[in-house]
Amino acid sequence: MRTIEQKGEYSYVFSRYEEPIERVEPGEEVVLQTEDALCGLLRNENDDLEDVEKKRGGPNPQTGPLYIEGAKAGDTLKVHIIDIEPARDWAVSCINKFFGGLTPNKSTRMVNVSLHEKIYIYRFDNEGMLRHDDFLRFPWKPFMGTIATAPGREAVSTMTPFENGGNMDCPDVKPGNIVYLPVSVDGAYFFTGDVHANQGEGELCGTALEISARVKLKFEILKGRQITWPRIESPDEYMVVGSARPMEDAARIAYAELIEWMVEFGWDRLDAYQALTQAGKLYCANMVDTNYSMVAKISKTLAERRKL
Amino acid sequence: MRTIEQKGEYSYVFSRYEEPIERVEPGEEVVLQTEDALCGLLRNENDDLEDVEKKRGGPNPQTGPLYIEGAKAGDTLKVHIIDIEPARDWAVSCINKFFGGLTPNKSTRMVNVSLHEKIYIYRFDNEGMLRHDDFLRFPWKPFMGTIATAPGREAVSTMTPFENGGNMDCPDVKPGNIVYLPVSVDGAYFFTGDVHANQGEGELCGTALEISARVKLKFEILKGRQITWPRIESPDEYMVVGSARPMEDAARIAYAELIEWMVEFGWDRLDAYQALTQAGKLYCANMVDTNYSMVAKISKTLAERRKL
Amino acid sequence: MRTIEQKGEYSYVFSRYEEPIERVEPGEEVVLQTEDALCGLLRNENDDLEDVEKKRGGPNPQTGPLYIEGAKAGDTLKVHIIDIEPARDWAVSCINKFFGGLTPNKSTRMVNVSLHEKIYIYRFDNEGMLRHDDFLRFPWKPFMGTIATAPGREAVSTMTPFENGGNMDCPDVKPGNIVYLPVSVDGAYFFTGDVHANQGEGELCGTALEISARVKLKFEILKGRQITWPRIESPDEYMVVGSARPMEDAARIAYAELIEWMVEFGWDRLDAYQALTQAGKLYCANMVDTNYSMVAKISKTLAERRKL
Amino acid sequence: MRTIEQKGEYSYVFSRYEEPIERVEPGEEVVLQTEDALCGLLRNENDDLEDVEKKRGGPNPQTGPLYIEGAKAGDTLKVHIIDIEPARDWAVSCINKFFGGLTPNKSTRMVNVSLHEKIYIYRFDNEGMLRHDDFLRFPWKPFMGTIATAPGREAVSTMTPFENGGNMDCPDVKPGNIVYLPVSVDGAYFFTGDVHANQGEGELCGTALEISARVKLKFEILKGRQITWPRIESPDEYMVVGSARPMEDAARIAYAELIEWMVEFGWDRLDAYQALTQAGKLYCANMVDTNYSMVAKISKTLAERRKL
């Protein structure tokens, strides 16, 4: 199986203007080596978070773009997430001065004194848990914080979740699930990175259990099938991730697009609206990034009643 | 066991200015009879939703207030939800013209043409499911959409979720769980109603499976213990419900108050912030009411590590 | 001319449940004596802001309610603001710990360190300016921060701007202008207070130049004329104040209601939408209160073209 | 004087990845020829708005990028707007199906029926007014809806207002005023376009009086002076434009950055916060674009007291 590592600098934008690092055929299983969100620069509790901006292109270095053979603008890219393995024996989180869900930040500006930074190093213990101390100890439940195709004309910061995926920080982008992404440029220009060893819903302080990893993926192309926001399929559920601000707009997108998906199954639009009212799920993936991400879900059993 | 029915008109405000309908002792189990959110006026698909405003005080008629003996402003009211039984064999939902998560409404004004109203009547079928047709069919998973104590000086519409509870439309206000509410006036002035036979997260179209019901409750008073937002305890989790607009403010309240709860357990504030980042849950209870409600959760196992 | 002072405690809610302090006939000019927003408790730079909650009912004590003879629910109250005179020779502002546009607060919660409070005392200098020092010195441009009728069933905190007016902190509620308010209960139950000697748009830190004052008003009743949000008429402009969160919802309300006003003049709805696109004004009255207030304006010249 | 026209396709992104169309020296006065926001495709009331997406790169074609000689990343670009002349005798506006402040749109999704499109053609009448009919008639008050430098790594849609300017739709970007923009790439990569013959605050329906024009500009470079958001200087006022969602975040940015500007003048940060509370202005430039834009202002007289 081919292992793909970034050649040269990692990418800090989801962009057609970056040079593809590899070409991948649909159906081929590949392993992507990813760097952690902090560029591997935070290794102990006295390291300086500002180095991420000073020495690198910022947080969220991406592996990619991969050129997916045969993908054309207007298609949909189907990404099977087969496996995620840690590439080292520790993860890192940190409280940030000007980033986080309960911290003044670049968008929600305050005149208040900032927090002190605090770095948390977690190591795998002998039960396979990531352990900082007796209280801060969490299981290995990995997923990719970022996954995207390149947008049409724009080049989007790898801090941003958007129509083509990006920094959604959605725990359902995990092994066993399938992610569907719009293809906006020929070759799709696929990026991923920012693996989290675990993360709660919302990614409250802004930094999950950040780790470098090996991500095993397989791609398919749905020819001529156009979607407008990322979709996820788990063994039991269909989901859409909406990303916007304020958070209610992210929620509206997620549910409105899930209605569209149900309409594709044969549902009447208002009946789908009614069904999601009674049986939809809606959780927050991130409340910290440049857009907030909300995930709307419906069970396959219910959605597929219309197919029967 | 005492069954309490509303005497005279139902209440359409959470308010100290309403006359208590009964006095209840802590520890006594009581059954409250509740009317459905639409005042029982929608009984078939041709009924007129506007009657709810015209003939009654609006949606969400409340049973209450109950005067809880011994409760003083500054205490906390602990409400054990023991059971909910349907008071009839059908439930009702509807698509509203100017209310709902994907509909222009009184707050999010548009110049667009409104939706047509559509009423959905659901009946219990012989498997105990609420059935509109082969596609719209949902299990009985009841909870109280509204639960509140009276605020200090204000009288708050029963459409509104707020610091003392109210119209949170939170599916975790269900049998087997405990709800903690601030006491702002002597006697607590407890209200409940708006039982939902089932509801998805967000209550997308604005109307769940509305039903009249019998709610079995027991009250306790935590003397001199002050909380500022509603808390919920399930067998496995601690939760806080934050209600505000925009939705991110509801999320901030929910997590900030959950941090405060963890601090009460002995956590350092920043470590609690860190722990919730990795292991918190955050879902949307409603995205349709005058405030949005977000529910933040942590497992008891994790929260109680500090007690050990 | 009758001068009306509050008898007993000031009111801290806009509410039908308060006892009217006086009955006023339409057409009568009356002078209302108002207390400052901080209950007159901040008199020098070492006073304690927390006294406002501890010793009084909170900020924004109101003079009222006035029972306006002949006003019935469903009418509109037309309030002529004739004059505002200072009732003392100084005003006060302050930086608050947990209140303000650039400060974490009860809605926008943060884990950050709070600001220190800072009290600013301003005195009229011999040029009639309110002077704290050479740099902080502002002209006398008084208006009423709060003006309201009682809502139908609710009792609303005097910190809140809403459909019936309230704490809009709108600098156009000033002498020479007319304010139109919905009447929701018989007698209207009129309240005012929170006079500002001056204030910028947004009331950024949350506290303007707070002063006690004498407000000269005259009331008229527009029988059977129903409005849903406060309207203001200056010699040159028509305005609507929308109050909501997030701020875009306040803006949507303000413009949507201004369209309705133009429709009353004879405009086609979409043409009014078009006209406001090219010639409307939209400023922020407050970005600090429990709802934000936005003011949409159109020149009378333009609005009245349809009457010609 | 040099007149610069777009060579080849207009630009639909603010981006370093576009090829500079000309190089301009600081101090040189140049005239830029701009196309209207709808790519010149809407010429009568039956034209099809969808052509803008189908036949061109979307709305807001930009003239640029100009390479400004000597500008380095970290400098500030000072843009003197000297004059704007119409390049034709008519302007166009339209009501859009899925765009506008009171219309469901790509961010604020609804299930409602969309509006019909309606195109308004305005022609200069013999008093120099732009006239659609007797009621819709507005004076010539031109400004540039878009003005930007390229961001560092991103390529940003010309529909978006952001840190480096962009689609702010701010009526103060007008002749006689100076706009300051951050320089993020060497050469600055300056873009402008989207001239509006006039526009109200908020650009309510999403489309102002769109016109092609000739814009006369002069550039200066402030070496080593770094700003983070666009600033504007009029003869009487200093302003900052903040762009974000929700609208309160745009307001927070605008005022927080205006405080920073005042700190540069010598103000204490909290005193600047206080001064803006009493004397700042805050209006909405747009409530329709991918970010909302708010403009905070202070009079030069007040801001410069600290220099005295």
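Some points to look at:
Here the chain labels run A, B, C and D in written order, and each chain numbers its own residues starting at 1.
Convention: a contact is a pair of C-beta atoms (placed from the backbone, for glycine too) under 8 Å apart; a residue touches a chain by one contact, two chains touch by 3 or more.
This structure is a prediction, so every number in the text was calculated from the model and none was measured.
Here A-C and A-D are compared, and the pair linked by more C-beta contacts is A-D. Most remote from chain D, judged by the distance between CA-atom centroids, is B. Taking each chain's centre as the mean of its C-alpha atoms, chain A lies 33 Å from chain D. Computed centre separation for the pair chain A/chain C is 46 angstrom, with centres defined by C-alpha atoms.
In chain A, the positions touching at least two other chains are 102, 108-111, 115, 245-246, 252, 256, 259, 270, 273.
Those residues of chain D that touch chain B in the shared complex are 102-104, 108-115, 246. On the chain C side of its complex with chain B, the touching residues are 12-13, 15, 17, 57, 107-111, 153-157, 244-246, 249, 252-253, 256-257, 259, 269-270, 273. Those residues of chain D lying in contact with chain C across their complex are 93, 95, 100-102, 115, 118, 120, 134-136, 138, 198-209, 245-248, 251-252, 255-256, 259, 267, 270-271, 273-284, 287, 292, 294, 296, 305-306, 308.
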